[in-house]
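I have a structure here, written as C-alpha cells, and I will follow up with some questions on it.
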Amino acid sequence: MTDPVHAAPDDSTLVRIRGLTTVLGGKTIFDALDMDIARGKITSIMGPSGTGKTTLLKHITGQMRADAGTIVVDGKNVAALSRDQLYKLREGIGYLFQNSALLTDFDVFENVAFPLRQHTKLPEVLIRNLVLMKLQAVGLRGAARLLPNELSGGMMRRVALARAIVFDPKLILYDEPFVGLDPVALNQVLKLILTLNQTLGITSVVVSHELAAVQRIADRVMLLSNGKVVAQGDPKSIADDGSPWTRQFFGGEADGPIPFRYPAGDYATELGLAGVGK
Amino acid sequence: MSQPRSSYAVGTGLFIVLGFAALAYLATQTSSVANVHQGDSYTIDAQFTNIGQLKERAPVKIAGVRVGQVQSIALTPGHDVADVKMSIDKRYDQIPQDSVATIFTSGLLGDQYVGIDYGTAKQVVAAGGTLARTKSTQPLEEMLGKFFGAGGVVDNVGGSYTVTADFTNVGTLSVGAPVKMAGVVIGSVQAVRVDPVKLNARVVLAIDKRYNQIPDDSAAAVFTSGLIGSQYVAIQPGGSPDALKNGDEMILTQSAMQLEDLIGKFLVNGSPGDKKDAGADKK
Amino acid sequence: MSARLRKRNNAVLQSLAQIGACALFLLTLLAAIPRSFRYFRETSRQLWFVGAMSLTIIMVCGLFVGMVLMLQLYHVLSIFGGTSASGMVVALSVYRELGPVVTALLFAGRAGTAITAEIGLMRATDQISAMEMMAVDPIAYVATPRFLAGLIAMPLLCCVFCAMAIFGGHLVGVTWLGIDNGTFWANMTAVVDVRTDIVNGVLLKSLAFGAVVSLIAVFQGFTTPATSEGVAYATTRTVVASSIAILALDFVLTAFLM
C-alpha cells in the first residue's frame, strides 16, 4: 500500500484514498485523509455539517482537484486522468445530488433518458424500454410525463436515482439522500438504496448525518471530523466505541472535540476589555 | 408536452425563414441591387482635366439611365489629367466612338456621375477603348459665378483703372471679389488693406476701362449676394458731371452689414451697438 | 481619501479581471464548438428560445421605431421641403445605426438576461454538476449552444427589425402623411447600398453584437455565485455590461466599417 498510484485493482476495495489534503479558502478541509471503500458494500460517511463530506464526493468524481494525495477509483488515479478518460470513468459512477438536480427543461422521462441519449446511439424503442424499466424500479413509471416542478421532493429524489442508475453503474454516491423527506419517502429511498445494493451489487457511498437511517442500511460507517476519519466500524458498534468523537456526535452533545465556537481571537480583546481589569 | 422537440423545430425553422425573408426584402426592395450587380460588362476609358468629387463606383448614365459604374480613377502618368475607367453593362455596347463623356452633378448638392451623350459616328467604342471627347466637372463656384454674372472675374485684358474707397468694415470682402454696377460686373477688388492713419479698410477697385463714365460722387457699398453668398462691391452712380479717374478716391461708402447687426436691428429695432458700427459712413 | 482611492483602484482591477476572464471564457467556448456539434439539437432548441421567442418584441419595437422616426423626420424635413428624402433617411439611419443597436439592446434585455438567469439557476440547483457527473461537458452542452444560437439569431432578428422599421416608416410616411409611394421607394433604393448599408451595417454589426451579448450572458451565468442573490445580481450585470459593450463596439465598428 506504499504506492497507491500503481496499486493493482484489488477485489475488495473500489475506492482508495491516501493522504488526501485539501485547503479551501484558507481552511483545511482534509488533512492527510486515508479511506478505503469496500466493493459491493454500503459505506456511510458521517460527520457534522461543514466537514467536507460533499467535497469528498466531488474529489472522488474528479469534479474538484485535491491539493495533495491520491484517489484511486477502480484502479484509476482520478487526478491523472485526461478529460475524456475522466468522463469515461464518470459514466460508471452514479451520483445522487442533495437537491436531485433534475434538468428543469425536460420531463421525468427525458431526464432519465438524458445520459442514454448523450452517450449512446440506441434506437428510440430501446431507450424507451430502458427508461421505463428504471422508472418502474423507483415506482414512478406513471409519472414519466410530469415536469420536475410538478413532483414532490421525495419523487424528485427517486427520479434522480432512476437517472443515476440508468447506466448500471459500479458505484453510486448518495449526497445527503435523506434530507427533507417525510418518513414515508425516507423509507422508500432507504428501501431503494438497499435493493439496488443487494440485487445489482452496486457499491454505495451514502453521505449523511442521520444515524437512525444509516444504521438500517450501512455495512460500514466512517465518522469524519477535522479533516480525518476519527472513527469507523459497523453501524451497530460504532456508537459504543467510547471515543470522544463518537460520543459527542452520536450523543448529540453541543460541545466537545467538535467545537461549539468557530475559531476566533481572544474574546476580551475583541470587545476592547483587555487590560481594563488591571 | 408530449412532443416538445418537433414544436421547437418548427418554430425555429419558421424563425430562420422569417429572418432570411427579411434580409432578402432589405436587400432587394430597399436598395438598388444594381449597385452590386456586376454582370457581364466591358471597360472604357475617358480622360478628364478635372473630375471634381467623382468617386469610384459612381454611376455612369446614358440619357439618365444607369448603364454602369466608375471602376477606377487614376492620374495619367506624366500628364495632369485623370484617367477614369468605367465598366459598362454588356447590353449597352453600341456607344458611338465620338460620344461625349461629361461629369455631372445630380441636383445642386448631389453626388457626381458620368453622363455619356451619344455622338453620331458609325463606329462604336470597343472594350478597352477610349472616349476621346470629354467635358470635365465644373466647379460649383465657377458655375455659380457664371450664373450670377461674375464670370471672367479679373478681366484685365482690356485694361483697367483703379480707384480707392474707405470702409469702416468690409466684412468678408476678399481680393478678386466682383465690382458691380446695376448688377453687371465692371471690375474686381484688387487689394484690401488697413489704412495705418485712418484705421479703416482701404479697398482698391480695378474697373474696366470701358466703364470710364462713372460719376465721381458715386457711392460704393459692400453687399452680400443672397443670405449666405459671398460679398461684392456695388457702385451706385451719383449725379456729378465729372467721371472717376485712375487713382481717385470714392468718398461715399457704405460698409458691410453684419448679419448679427441686421438680425439685432430686426428684432429689437436697433441697438446702441450698431450705430457706431454699421451706419456711420453713410450718415 | 486614500481608502476611497484604493476602493476605486480595486473596482478598476476587478473590471479588468472580469474582462480578462470573459476573454478566456470566450476561448473555452470556441474550443468547445467541435464538441458541441453533437448537441446540434440543443443549439436549435436554444435558437428557438433566444431567437423565435424574441421575435414579438423585436417586431413591435421595429415598427414603432420606424414610425416615430418617420414622424420626426417628416416635420424637420418639411422645413426645407425635403420630405421626399425622409424614406431614404429612415432606411439609412435604421440600417446603419438604429437597427443593429436597438435590436442588440432589446436582445440583451430579452434573451441575454434569460440566458444568464437560466444558467445561474442551473448552477444553483446543481444541474451543471449533474451534467458533469453524467459525463456531459456543460460548456459544450449548455454554454456553446446558447452562444452560437445568439450569434445566429441576432442578424436574423436585426433583419426583421429593419424590415419592420421600413414598414412602419412607410405606414406613417406614405399612408398617413401622404409622401408619394414611388418617391419613397425610389429615393431609398437610389441611396441604400447592399454592401455598405446592409452587409456592413445590418449583418456585420448585428453579428458582432450578437457575439458580445451572448458571450456576456453566458459568462455571467457561469461565473456568478450559485445562489439566488448571485443570479439576480448577474442578470443586472448582463444588461449593464451588454449595453456598454454594444454602444462602445458600435462606435469602433462604425469608425472601421464606414
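To keep things simple, chains are lettered A, B and C as they appear, and every chain counts its residues starting from 1.
By our rule, a contact is a pair of C-beta atoms (placed from the backbone, for glycine too) under 8 Å apart; a residue touches a chain by one contact, two chains touch by 3 or more.
No experiment lies behind these values; they were computed from the predicted model shown.
> How short can a path of touching chains from chain B to chain C be, counted in steps?
1
> Greatest Cα-centroid separation from chain A: which chain?
The most distant chain relative to chain A turns out to be B.
> Taking each chain's centre as the average of its Cα atoms, which chain lies closest to the overall Cα centroid?
Chain C is the most central one.
> For chain A versus chain C, what separation do you get between their C-alpha means, in angstrom?
Computed from C-alpha means, the inter-chain centre distance equals 43 Å.
> Where the centres are mean C-alpha positions, what is the separation of chain A from chain B, in Å?
85
> Report the residues of chain A in contact with chain C in the complex, numbered from low to high.
The contact residues of chain A facing chain C are 61, 63, 83, 87-88, 90-91, 93, 95, 97-99, 101-104, 114-115, 118-119, 163.
> Mind pulling up the chain B residues that touch chain C in the complex?
Listed in rising order, the residues of chain B that touch chain C are 5, 8-9, 11-12, 14-16, 18-20, 22-23, 25-27, 29-33, 35-36.
> Name, in rising order, each residue of chain C that touches chain A in their complex.
That would be residues 121-122, 125-127, 129-130, 132-137, 141 of chain C.
> For the complex, give me every residue of chain C touching chain B.
41, 44-45, 47-48, 51-52, 55, 91, 95, 153, 155-157, 159-160, 162-163, 166, 185, 188-190, 192-195, 197-198, 202-203
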